[in-house]
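Below you'll find a set of structures to go through.
What follows is a pair of complexes built around subunit A, which joins subunit B in one and subunit C in the other.
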Partner chain A sequence: MIAKVLLTIWMTVIIVAAFLYADAAVGFPGETSRILFFHVPQAWVATLSFLLSMIASCVYLARRNLKADYLALSAAELGLLFCLLATASGSIFAKAAWGSFWNWDPRQTSIVILLMIYGAYFALRSAVGDPEKRRVFAAVYSILAFVTVPFLVFVVPRITASLHPEDTMNPAKPGMDPKTLKVFLGSLLAYTGLFIWILRLRLRLLNLEGMQEPEFVVTEKMDLEGEKQ
Partner chain B sequence: MKEGLNFVLGVNLIIWSGLAFYLFILDRKIKKLEETSTARRK
Partner chain C sequence: MKSGRWITETGSSTYLSEAVAIWLRDLRGEFRTRYAVNAILMFAVTTLIAVSFSIGSFRIGEAEQPFLYAVLLWIILVFSALSGLSRSFVKEEEAGTMDVLKLSARPQAVFLGKLFFNLTLLGALELIIVPSFILLMNYEIKLPGLFTAMVVSGGIGLGGGTTIVAAMIAQASARGALFSVLSFPLLLPLMITAIKGCEKAAVGANNPGWPEVRIAVAYSIVMIVMSLFLFPLIWEE
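For the complex of A and B:
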């Protein structure tokens, strides 16, 4: 509970600092560079979610642990959600900086492909009726889907000419304003905390739903009967 | 420009407060459901 209250306060502080403490970066129209404090952490959380989904899928395939499948599903859901948020916030920046919400820039194109790949993950899950098969297919698909993530997020936009800002706003490159760097790192932390909070809620919900499933009830009954004997 | 900035900041804070409030409510509801479910299983 304390962690959640602290996160709520921390995120509020970061939002205020993003607008009032950090200075707008030079070379961007007006105050548009402030999108950095929201857009990049959203993309970071999306990548983290897809990675977690892939790891959980590997664990499920190795151990057939239901909780690993729940984790893979929840992480993929949140990955898709944050990927959509990053796309939307990126489009707002594109409108202000490049004149149009959508330009088919390599970054925009690669994120659309990523959205379609992970959209298909949920289509696959809803298309297979048998729960066991569904979990196995989804786990295999999640692993294969993640193979494309490094290429679509890091490689493709860097080997092609893009309007996307890199040098000015990339924290890995020297020259980022110390105030901006502080708020940016704080924002990364806040978004990661928010991701963990929502992920845990989703996992608890999936656990509750799982308890209602017929196969769980049958297994539970068998366990109880076994204990009685 | 600063006026516009304050407006965006206000909108951001309202959205964040709403989301945080929703997450706290959801947390409580799930906790209640977990307690009911555990009681039923016992």
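For the complex of A and C:
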């Protein structure tokens, strides 16, 4: 409860500071550099949660622990959510800074593939009836998808020659303005806190739903083995 | 079970002999029904005719031809493969032979057998579609060696990346659509690589070491090895 209130206050402070305290970075059109305080933490949280989902999937395959699957599922859900947010905010920046919402910049390409992979992940989860199978398949698919990601480095044309500010005019390099740095780190913290808070809510919900699930699940083929949990 | 007899006949039942037994059994089944071949080939031929008819051989300017034709060729190949490759496992599920297969061979052997079968199908598909595409579209290729290597390695990647997905969707509902949905994100890096490789082969670009072919081979190896690791998990559920 206290954590929730603190998080709300901290988030508010960061949003106000992002617009009033920090200065707009030089080299960006107008006030567009303020995207840094929202877009980058969103992308960071998306990466964090996809990674978490992958690790939880591996743990589930090794231990068959239901909690690990809940973690994999909720982290993938949140990852998709934050990935969509990062795509949307990045695309608004792209319109302001590069002139079009979408231009298949390497970053945009890789984020679209990420969205496709996790879209497929949820399609798979919804299509498998047997809960035990669903968990294993989802975990296997998420590992398979993770394995293909490194190949994108070769594939996405000239991944280093992106228009993305990290390469062209990076405000996060050592010379970053101290005020900007303060707000940026604060925002990272706020978004990570938000992520952990939603993740815990989702996990609690999944646990409650899991308790309601019948102990033995009768599938189409009357496979009475059911859940081992 | 005929498949069982094959395996015991080989005596020393290694992974490879089991895999080959499953492969031969699937091939024989395929010769009898010709279901997968017909589905994949007709899909590919229909798409090829639609593309060729609507574009013709002079519609696209000469400068753009190498790239756009490579794109079209790989779209035809990938989506034809996606239309029928899931058959290898779906047919076991439909015929109710899944459990017997689980008893008669080790999981990795089943995977390899199905992989061989899918690769055979893909080989047949490419053998028919690629030459027809080149003829129908007047696709000029300056480096036939690179082009062939790209098509072959791309085909192996296609089979390597989709066989384990086929095993998963065979046990799910809404199979047809799900197979494409799940496979496409996994295949995308391979497809883009193959398109680039074929474009370079058509242009005759100076391309030492054939990096695209190497990426496709690496992709195939990674996917097949990962599948061998993961397949027992989804097979023995």
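In this section, the second predicted complex is superposed on the first by the 195 of 229 C-alpha atoms of A that agree within 3 Å, B and C clash if a C-alpha of one lies under 4 Å from a C-alpha of the other, contacts with A are read in each partner's own complex, and residues count from 1 in each chain.
Everything below uses one rule, namely that contacts are C-beta pairs under 8 Å (C-beta built on N, C-alpha and C of every residue); 3 or more make two chains touch, one makes a residue touch a chain.
Computed from a predicted model, the values in this text were never measured in an experiment.
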First, second, both or neither for A:145, with subunit B first and subunit C second: second
Touching partner for A:12 - first (subunit B), second (subunit C), both, neither: first
Partner chain in contact with A:198 - subunit B first, subunit C second, else both or neither: first
Touching partner for A:58 - first (subunit B), second (subunit C), both, neither: neither
First (subunit B), second (subunit C), both or neither touched by A:129: second
More subunit A residues in contact - subunit B or subunit C: C
Subunit B versus subunit C as contact partner of A:4, first or second or both or neither: first
Touched partner set for A:66, first subunit B, second subunit C, both or neither: neither
Common interface positions of subunit A, toward subunit B and toward subunit C: none
Complex contact set, residues of subunit B against subunit A: 1, 4-6, 8-9, 12-13, 16-17, 20, 23-24, 26-27, 30, 33-34, 37, 41
Touch list for subunit C against partner subunit A, complex: 161, 164-165, 168-169, 171-174, 178, 181-182, 184-186, 188-190, 192-193, 196, 211, 215, 218-219, 222-223, 226-227, 230, 233-234, 237
Subunit B contact footprint on subunit A (complex, rising order): 4, 8, 11-12, 15-16, 19-20, 30-31, 197-198, 201, 204-205, 208, 211, 220
Residues on subunit A engaged by subunit C in the complex (per definition of touch): 61, 113, 116-117, 119-120, 123-124, 127-130, 132-133, 136-137, 140-141, 143-145, 147-148, 151-152, 154-156
